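Two complexes come next, and they have one chain in common, chain A, joined by chain B in the first and chain C in the second.
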Partner chain A sequence: MREETRREAVWQFLTYGFILLGAVTTLVPLYWIFVASTLEESEFLSSTDPRLIPGDSFLGNFEALRARENVQFVGRVGEMTQYVDLGPVYFAYDFWNLWNMGAIESSIFVAGVYTILSLLLCSMAGFAFAKYDFRFKQPIFYAILATLILPIQLLVIPLFLLMSQIGLTNSYWAIILPWLANPLGIFLMRQNMRSIPDALLESARMDGATEFQLYYKIALPTMKSSLAALSIILFLFQWNLFLFPLVILDQGKYTIPVAINQLVGAQRVYYDQIMVAATLSIIPIFILFLFLQKQFVSGILAGSVKE
Partner chain B sequence: MATRDSLPGPDPSVRDRLRFARQSVGELVPTPGEGIVGYVFLLPAFVLFGVFLAFPIIYTFYLSFFRFNGVGNDTLLWIDTGFFSYRLTSIADLEFVGLANYTTMFSDSLFHQALFNTTFILVVQVPLMVALALLFAVALDASFVRLRGVFRTVLALPVSANLVAYSTVFLLMMQDAGLVNYILTSLGLPAIPWLTSSFWSRITIVGAVTWRWTGYNMIILLAGLQNIPQQLYEAAEIDGATRIQKFRYVTVPQLRPVLLFVFVTSTIGTFKLFSEPVIINGGGAPLDSTITIVQYIYQAAFIDFRLGYASALTYVLIAIVSVLSAIQLNVGGDSDA
Partner chain C sequence: MSRITLYTVRKEFGSGGDKILAVEDIDLEIRDGEFLVLVGPSGCGKTTTLRCIAGLEDVTSGRITFGDRDVTGLRARERDVAMVFQNYALYPHMDVRRNLGFGLKLSTKLPAAEINQQVEDVAEMLGIEELLGQKPKELSGGQQQRVALGRAIIRDPEAFLMDEPLSNLDAKLRSQMRTELQTLQHELDVTTVYVTHDQTEAMAMGDRIAVMNEGTLQQVGTAEEVYRDPVNEFVADFIGSPSINVFDATVDGARLDGPGDFSYHLSETDPVDGLRTVRVGIRPEDIQLVDDGIELGVNVLEPMGNENFLYATLGEQEATARIDPTNRPQPGESVSFAFDEAALYLFDPETGASLKTKRDGVVPTTPDSIPNREGVESTTGTGPDTGSNDDQIEETVE
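And now, the complex of A and B:
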């Protein structure tokens, strides 16, 4: 019996050791980007004695990053050089010109707009597939389902030609539009909306609700948790998109991945500035992750279900 | 609405009765109104799906039989009124080459290099990561472990890291004078040329991808573990099974569909690898030893502007990925039933 307790103790010790090792390996790179962003390059890039605790150069590095000519990572408020009073339209135009969006704002803006529009489209399509009968419903659904297995980010060549033809190169629409009708999103919404009882919709119809009211007053509110999970999937999909933005966006419109790529590929690579950029792109999403962990996890699991 | 819902059930409406009557006579016409409403809800998604997904899938295939000579300039449609003019041009200037793009692949050594690199990363990285993810999931599932929630959160953190931003961290840590070499040398080990040797640069990619995705797979495996009936473990205990035997004869067989899913999605992920080699190895350095298939497609298409050839490459990749997904759906579907 004593032999058994000892083996149990060794086993528990090994398990804890393994988990701790994993946790440390996960956290070290995260700690390191933060530390590196607060130091001068020569302080952390040293094989003999790198500084391992945060310093006070963060703001300096940040200012240097902001002052970069070819890549604008963080937005800045520009000066209004000329003011032409031509009514409200031109005023609005000037307003946007005043604030030059940097890569961070672009990424958040694009991913946010994409998430909202895609949620709307996917839930509408899912509602149609789940709750209505119409001709060619099955063939259309299976056509969409079939694209689920394709890596849709790879269809960049025709998209590039298409965007050039319709004049959307170097536009945020070019990286929002192609993936709005997200096959995974449509599929998930359809699966979940099938659980809305027909009787509920039917009784609302008899109370005089229009079909669109059924969608946004009954279907959407009951789908809150699925919508939350899907919005995480969609946001991260757009947030991580790299290949197509790299192809289609020009200087001044860069999203985070493209901007970082420019910083890394520059003639002289400033690691301290890159680490500021990395910190600014990673840490906010980490904090979001800590608060919305449940939604992240259900998003991951939703992406892995197959029925 | 709430009161109505709490009744034993609404009376069949006229619509329901009509539908039933139609079904009973075998009529396929949908109930009036409903068909249209379904289409209206579907329309926006369907149009975008057609233009930006279905069309590119077909057009990539079409393009793979042509040589691309430039952006199209043939006028297809020209509307010229006094106020505005609109000219619709053909999408590209193409020259039919038959299967030439596909046969070129057989003698394209850079493509072979990309295939080899991807396969190398695949063979080393996927088993390593799935094994780690499984071990972490099992460890976190053990009843005696405290602070499980905290550990799970920590291990899952990389899931939220931007793919390009996290790559820069590895670019920094793996420098000759970076943190990893500092740790190695302070432990008395030799420094390793992580980014400049062709072997080690592939290992760097393996390490980076493993860091980013182990937690993701761990979450999926943990969910799978929670679905294993507890009675199976109890029965095994009664039979006197050790921990390792329980793992071998209960956990692994029960997790088989989930493990398969994880394997296939990770394999597909490896075939789509792009950010990591581009950022960490500056686009395939040293000497194209880390160039991946997607990266080669990018180069062929947007650096060399061989769009036809790149389309053929894309289709080869799509074929590989589709076959893998089909295998996963079939094998996984079997054991689900």
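And now, the complex of A and C:
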């Protein structure tokens, strides 16, 4: 074997080894969470006999999770309270009473609404910062970026006061509105939208497009992959929010992270139930990622290489 | 179709101390159906002028009218003009069909079927029917160029504005598109303003050429006018390839003394009366190699096939000559040259204004001698190919 090819082979081996190491360190904890959710608590906490093979206690753990009084993780059918007589069928129209939302539904609802609204806002702001000239553009942009360094912990009290003043405590809007103008999202959209050639927009202007049509007929479609990437970032951000939802929401409206926190009791930590809850909470993200994966990867790379 | 008139149009960028004057008080009339080429070096303000006409830039002062309609305050989409951009600016997420139809969809209330019909007509006219389903990135440069043209044509606008539309094509395709574009413009008979930095392109394509420099309009005229009778040294230097040879000479009565052993007796001294120095210009094609004349030191000889370019020194000065291909002086040798006084250019050393231009009895074409556009019909029958093409165009455009 020639010296060069050998060096190449070694290099390739190291590269793959490194990637493998990264994959293992990411996936092993996930796998362990999954395995633990299928075992009795005593089994996976055993120090003498650690288990890495899934057991058959998942449903039992899940039932235990559902039976809990202080946490409603998955929604359940409530007492039917109001009915409409539609002839032979009684129809419950009070949906919210009929279906008591659990933490999973709350999280999906909140993260979904947040993602859509924030995408809209961030892309509009990004478009404006990238393609328009206006007074104090730079200072405003840097001010928005500067908010990135403010930790949420610092904002909890002022935000709580603000929300209670406008009557939004214990409302999903309270955890959606404050982060709608996501600085990271605005920054990403602005960076990506700068790559839209001015001539493209001018060409559309000549073709008779209004400024808003430029945004949604030209800018948005060309930014599809960046939007996909950003939607995952935004969804995850909202999905993982913990402190503020804990403070502002009442028990019935808890999102997943807050609900999981309730499983840590004063006397006991319900590891088995936490593991089930964690496993379940990964599923929606997993599905979303599968859905957007292709777009996501190309979006993150967009603009990094000149084509 | 309409006449475009610029009244003292001025465009400044920035404000206060950083103010940049891009276009300085331009007065220009572009006739109905005319193909006017705006030409000048980079940064001369030609593109800004075009963008002001398009409505993509606001003018700082002055007025722009299309026909009798004052469009100064109107936005681009209200002006009914179409623009072809240097990089084509095709919508990357739309296929060719939607690219072509986009303007009609936004600016008219035509039903989808009608738009589709027009898209197909224009595609047929440009020979891109089979590309309608493709995305811009799947097209070659020439095909993209056609789509960009089609997008302008389909709107049937009052004017075409073109910003260096051919500069991204390779040389062969460029000259082919040049002809095609001209034919198309003549047949559609739409007022066209075409921006280029390439003086060859300008001379080849324009009914008239407007030469710009540093934001000001230097001269407007036919290719021959600006070539034979430039208003100043800048225009003389910019138009013509290779460029005119210009050097300083001292005036002593009727005698001009220049670099090296350049010395010439003017038979007519009117242009240089009262001057102590003058700028002398001789076009490369007016340099005739003779046995006894002014000496040139040969540096490089470039054979072009049909002629040779001779790069030489006249004293300390660089000089270029276009000579017969059979004449092959070697580098290091000396040659002698002479010229006709009729072909001599003289410029004021301070203002650069022309004191004397080419006067060899040839009368240049003037704007009034631009071929009448009604002649389109008479030319339709001349070639078998263009004939059938014209018919299609007539149908589709009406």
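As a working rule, the second predicted complex is superposed on the first by the 230 of 307 C-alpha atoms of A that agree within 3 Å, B and C clash if a C-alpha of one lies under 4 Å from a C-alpha of the other, contacts with A are read in each partner's own complex, and residues count from 1 in each chain.
FYI, a contact is a pair of C-beta atoms (placed from the backbone, for glycine too) under 8 Å apart; a residue touches a chain by one contact, two chains touch by 3 or more.
Keep in mind that what you see is a predicted model, and the values were worked out from it rather than measured.
Within the superposed three-chain model, A:F289 lies in touch with chain B and out of touch with chain C [touch as defined at top]. In the superposition on chain A, A:L27 contacts chain B only, with no contact to chain C. By the document's definition of touching, both partners, chain B and chain C, reach A:L200. Touch counts on chain A: comparing chain C and chain B, the chain ahead is B.
Of the two partner chains placed around the shared chain by superposition, chain B is the only one that A:D133 touches, whereas chain C remains out of contact. Once chain A of one complex is fitted onto chain A of the other, the partner contacts of A:Q213 are limited to chain C, with no touch recorded for chain B. With both structures placed on the common chain, the touch criterion links A:S281 to chain B but leaves chain C unconnected. In the overlay built on the shared chain, the residue A:P221 is in contact with chain C alone; chain B does not reach it.
Across the two superposed structures, the residue set of chain A contacted by chain B and also by chain C is 197, 199-200, 202-207. Partner chain A is touched in their complex by these residues of chain B: 1, 4-5, 9-10, 13, 15-16, 30-31, 34-42, 44-46, 48-49, 51-57, 59-60, 63, 71-72, 89, 91-92, 132, 135-136, 139-140, 142, 144-145, 151, 153-166, 168-173, 175-179, 181-182, 185, 191, 211, 214-216, 219-220, 223, 243, 261, 265, 268, 271-272, 274-275, 278-279, 282, 294, 297-298, 301-302, 307, 310-311, 314, 317-318, 321-322, 325-326, 329, 332-333.
Within the complex formed with chain A, the chain C residues making contact are 54, 56, 75-77, 81-83, 85-87, 89-93, 102-103, 106-107, 151, 155. Those residues of chain A that touch chain C in the shared complex are 197, 199-200, 202-210, 213, 218, 221-222, 224.
For chain A in complex with chain B, the touching residues are 11-12, 15-16, 18-19, 22-23, 25-30, 32-33, 36, 44-50, 121-122, 124-125, 127-129, 132-135, 137, 140, 143-144, 147, 149-162, 164-165, 177-181, 183, 186, 197, 199-200, 202-207, 211, 215, 236, 239-240, 242-243, 246-247, 256-257, 260-261, 264-265, 271, 274-275, 277-278, 281-282, 285-286, 288-290, 293, 296-297, 300-301, 304, 306.
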